[in-house]
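Both complexes shown next keep subunit A, but they swap its partner, so subunit B is in the first and subunit C is in the second.
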Partner chain A sequence: MDLLAQLLVNGLVNGSHYALLGLSFGLIFGPTRITHFAHGPLATLAAYVGWWAAQRGVPLELALLAGIGSGALIGILCYQYLYEPFERSGSPALVILIGSLGLYIVVENFIGAVFGTDTKVLPNPPSQVFLIGPVVITQVQAMQVFALISSAIALGLFLGKTRFGRAVLAMNDNIEMARVVGIDTDRIALLVFALGSAIAACAALLILMRDGASSHMGFNLVFMGFVAVVVGGIGSLRGAIAGGYALGLVESLGMWKIPSEWQSSIAFVVLFLVLLFRPQGLFAGRQ
Partner chain B sequence: MDYLFHILVSVALFSILATSFNLLIGYSGLFALSHAAFFGVGAYATAILTTQLGLVFPIPLLIGMIITALVGMAIALPALRIGGDYLVIVSLALQMIVAAIMLNWTALTGGTDGIRGIPRVVIAGWELNNAPRFLPLAVFCAAFCFWISWKIGNSPFGRALKAMRENESAVLSVGKNVVAMKLSVFALAAALASVAGSLYAHYVTFVSAEGFTLDLTVYVLAMVILGGTGNLWGSLLGAAILTILPELLKFLALSPDVADKIRQMLYGIILILILRIRPQGLIPETSNLNLTRDPGYRPDVGALVHASRLEGTGLEKRFGGIVAVSGVDISIEPGRITGLIGPNGAGKTTAFNLLTGFLKPSAGEVRYRDRPLTGLKPHEIVRLGIARSFQDLRLFTRLSVIENVMVAMPRQSGDSLFQVFFNPWKVRREEREHLAKALAILSFVQLEHRASDIASDLSYAEEKLLVVARLMATEAEVLLFDEPLSGLSPDTLEQVFPIFRKLAGSGRTIAIIEHNLDVIRSLCDSAIFLDEGKKFAHDRPEVLMNDPALATRYFK
Partner chain C sequence: MKKRRTVIASGIALIVGLVALEAQSQSQNPKTHKIGAILAMSGGASWYGTVMSQGIQQAVAEINARGGVNGMPLEAVIEDHKSGNAQEAVSAMNRLMSIHGVKMVMTSFTAPTQAIAPLADQNKVFLINGGGVSNSLVGVSKYIVHNRSLAADLGRGAALQAKALGAKKIAAIQWKNDAGDSIVKVVHPAWEKSGGSIAAVEAVPQGISNMDTQIAKIKASNPDAIMLWMFNPEVGLALKRIREFGMKQPVIGVEYTGNDAKVAGTHGEGYYFLNDYFQATADYPWSMSFAKGYEERYKAKPEFYAANYYEGVYVLAELIKRVAAKGGTVDGDTMRAALQANPKFDSVYGGQMNFQENGVASKKVGLFQVKDGQNQFIKYIDLN
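Here is the complex of A and B:
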């Protein structure tokens, strides 16, 4: 019973991480329909900026902020200099996807070539541990849950209450219609790239604090975000959060009966089955 | 010297991967990022079958092909219903599952240690234990795989694959079995990739999961994109360039690890640059149809047929709570042109969708020649002789005009891969007949002079004529046209009317959806008035137009 409670909590923590990634990927994917594969390695790069700053003696809070800020900046540059030119020349979605895979490979190997492939850890990561009854939760795990909750609330307010936010939602619904009613879709695309990349940087920095960062961690960052979006239902950010939690819980509770080396495969099997039997996603809100 | 041979062996193996990957992404438009997994399954199959069961070449290669084909079909299963981004993610998931099995099923795969000591190929007592000795086998297999891909790419089956890439629903509408096509092309591409895997295992005598990651898939992808999608020679060129080019890095004084990273970055940069500068690749796709094979004669495509009446009774379609069509009885008579008119949203296209199996009716049934069509798939209904066109045309835009027509022809033995490989003479004879017939159809719609042009270069009016030609090519007796005449100038209309009249005059059953009342009046023998999903009248056009109640509805 204690084991089950611990697995449940671990599932919720990992679910928060996947939901955060789903949110970051979905925020970009929904309005722009760009399959932003380079998302993961770019977030990794942002985490490395944070690590580098902390390494140089910058206080942790500032280093994290620097990481998040550089994440947003990298996202903007990526849209401006990679995707926007493709879109301007009318490239089909598939071409943009392949271009994104190209950038993915470039950035991942760039990080490896410059920083090496070893795991980077912070000089003094937050290391408190809380005991709630029989369940253990670390400070970083609590931060992961907090990061998801605060991003979701902030994003909800932004999307629902502000003019820019509503423009994002309009573009998410129908990009052509958004153009027709006079929304500058290029600017909105820049905005969601900045926000989505900042959120992904946040998730990557949390991984840096929890397990350390490595040059090839970008794959999991983008892949789990993508899976959360697909499992939840493309086009819905609530779905992406639900999808992230579904993945985290299934993966963690699966460990109760399945040997741990298969843990990462559970998510892929879930995805495979979802797409086979319910391709619109488990929590599809929009037709 | 051995080093040079080693590079050539690599080129041969990668050319197998690039050509088979091109069949999937270039020809069929199926963007599955799991090619490294197919390669890996082939390699592991050979590793396991040789080290644990002691089987000798070429048996492990053949068994590996079968196993990998099954894995390929496993990806095709979700791909039957979904495409685009979904296929990307599901193929990545499969790639990860395969990698997890390689790493974790230790008893079978050696886990993280991989499998060592894979025996080399021995042919007639001659052990292929170095690159120069291995090269002939690698080249032979690469040539054989290329030949297979080439035969497929240039067969009627390959033509249908390209058409499926252009528009899946249009391929259904001309009677192709898209499910079977996807399953076979996935199985084939996977099996071919596994040949490269098996050779690789024999060549390096060692396999481990690290060799078969997404990076490898992107590497092969870069070869296909650089060479040119939809062109197999391009894949050979791409494989050669991207295998040889990174070797030049060896002349720089870099640590092996950094050199490897720079090599990978180079692939990524090449990929992005080629997409920006020359997205069609170094050798662009070409039409493979040779008009000089034209046998010269022209079959009579306007000959009399004995079509029958197409009848729908009590048709109803609900989408959730919304009723699109309800209680509609439709009967379309042979030898005449029946118009479907009504305001926007009246349910005209929905009616066509119900008649042709693109939608399943919530109630009611469709009958043709005393046979209910309930439960039949669109391509099966086409084969029974009922075909439809789409309002938005859905031409196969990157195929030539003549290919657009030929792909729609029924009963092509070249649609079966078995016939393509084991009865090539029959396929070739039929192709000549089909070419003559396609030219005859194009001349019927006055488009023969455009036969070898790419469909995307046609004018709007010519596109509409090609839609008619493609529908005729299905040999269906019942032809349902969704707004075939909209947007045409009065002059063009005068040219096109006789084509429809001749079709009806030859005994075919013709229905058209049309908004222009003048067109209805001058072309149709009778018209059905639909509004708000219900049928209000079926009568001669003059009668309908003189009915004040219908006029108010139409112009409301």
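Here is the complex of A and C:
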């Protein structure tokens, strides 16, 4: 029972991390329909900015804010100088996807070339460990759960209560109609790229604190975000959160009796099953 | 349009032809002794490629500064297997052979080495491995030698240490690949045969970032000691998580690089590991000059991987000299014959290493323990 309790807590923590990634990816993908594969390495770059600042003596909180801020800025630049030109020239979605993959490779190698290929760790990361009965949870794991909850609440309030938020929802529902009613879709796209990239940067910074950052960690960041969105339902941010938790819990609890070398395959299996039996996702959003 | 296409096609054919001619000219009238290397220069394991290539480049620079080998400089041609991709390794090997005409290649990682072995046999290319650890690499090519201790041998040493600490029940976290499997295959039956038991074996893929599930299951199995059958940087991550989960048992493994130490932080304290015993020491001036030169060049202390590839270049340089002394041309057959005629070579670790009949150099394997953040040498482990 102790093992099951620990696996449940691990699943909830990992689920929070995947949900955060799903939220960030879904926030960009839903309104813009851009499969932003470069999302992962760009979030990694933001984490490296945070690491770089911390290495130079900037207090940890400020270094993390610098990382999140740079994530937002990187997202804006990415949309403005890569995707928007493609969209203006009427490029098909496949061309934009290939552009994104190209950026993925360039950024990942850029990080390795400039910062080196060794793992980057913070000088004094949060290191407290809490015991709740037989269950262990670290300070960073608690921060991962808190990050998801606070991001979800903040985003929910923003989308539901502000003019820009409602514009995002409108684009999410129907981008053409959003243009017809006068929404500046380019401006909203910039906004969602900024917000989505900032949230992804937050997730990447938490990984930096937990395990250290490496130049190739972008793959997991974007892949798990993508799977969470597909499992939860494209166009549904609630679905992205649910998809993330579903992944985290299946990945952890599923290993209770199954050999753990199958852990990495679980995400693919879940994705496959969802696509097979419920292709619209658990919370069917926009088709 | 048709004329334009013809011009472009002709241009491409001309360039290809010139490259082929140049390659042929190089192989017939070499201006340098080309040493190929297929390393992890990109991808998740690129740290290895970085330190290995640095060792190679330093050795090449030193030898060339002294006039090269028989008056001809060495040239390192480094290719990328993208962190263990066998197909990339084969492409890299083909490029090394067809474009650069290399007859000696420094290889790394198990899967790439296995993939290029048949090509080496067909084309008589000498291989030297200073990084791949699986025992399946022994004899994988008739031209391969290894100047590092293989994983199963290090694993046996780690098991000896577990026994010395009084452990009866061990749990293991392994890389789920050839390297990890080769340790489990040799060590676990021997452990059980000697009266011990295996509480749990949890596998992680190379490059994993989250092994909480595996650690939780290891904790639940309540072992006397925890064995890490894995390599950088998962060792550091595993150590960190094991201690964060509150486990106090001794942890014993087969690697601990500077990168692992960074990831593990203070949680690395007390960790035992076995390694080819590279320590720059005043007893061995070559080790000191290598370490000093490495630090000056790269602003970092050398790892034993850098040392292996550094000394590997010196082994190849020595073999080239021996082949030339007999009036031969460098290829797999002549290099192998030269090595078998005298299998002893100076080692940057100190003293000499002796390439055994199976092609594996017997080197000193040391038991280390992390104390106050430093790797403290405990003793040599006799694996025979």
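Convention: the second predicted complex is superposed on the first by the 284 of 287 C-alpha atoms of A that agree within 3 Å, B and C clash if a C-alpha of one lies under 4 Å from a C-alpha of the other, contacts with A are read in each partner's own complex, and residues count from 1 in each chain.
In this text, contacts are C-beta pairs under 8 Å (C-beta built on N, C-alpha and C of every residue); 3 or more make two chains touch, one makes a residue touch a chain.
For clarity, every value in this text was computed on a predicted model and none was experimentally measured.
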Clash or fit (per the criteria above) of subunit B with subunit C on subunit A: clash
Which superposed partner A:P85 touches (first subunit B, second subunit C, both, neither): first
Touched partner set for A:T35, first subunit B, second subunit C, both or neither: first
Contacts of A:N109 with subunit B and subunit C, given as first, second, both or neither: both
Contacts of A:V227 with subunit B and subunit C, given as first, second, both or neither: first
Touched partner set for A:F272, first subunit B, second subunit C, both or neither: first
Partner chain(s) touched by A:Q144 [first = subunit B, second = subunit C, both, neither]: neither
Partner chain in contact with A:T117 - subunit B first, subunit C second, else both or neither: both
Subunit B versus subunit C as contact partner of A:S264, first or second or both or neither: both
Clash with subunit B, by subunit C stretch, listed 92-100, 236-244, 254-262 or 344-352: 92-100
Shared subunit A contacts, counted only where both subunit B and subunit C touch the same residue: 109, 112, 117, 261, 264
Residue numbers on subunit B that touch subunit A, as the complex places them: 29, 31, 33, 77-78, 81-82, 84-86, 88-90, 92-94, 96-97, 100-101, 103-104, 214-215, 218, 221-222, 225, 257-258, 261-262, 264-265, 267-272, 275-276, 279
Subunit A contact footprint on subunit C (complex, rising order): 42-44, 46-47, 49-50, 176, 202-205, 207-210, 212-214, 216-217, 219-220, 233, 236-237, 240, 244-246, 258-259, 262-263, 265
Subunit A residues within the subunit B interface of the complex: 35, 82, 85-86, 89, 91, 93-95, 97-99, 101-106, 108-110, 112-113, 117, 219, 223, 226-227, 230, 234, 261-262, 264-265, 268-269, 271-272, 275-276, 279
Subunit C partner contacts - residues on subunit A that touch it in the complex: 2-3, 6-7, 10, 13-14, 109, 112, 116-119, 121, 125, 127, 129, 131, 136, 138, 207, 211-212, 214-217, 220, 251-252, 255, 259-261, 263-264
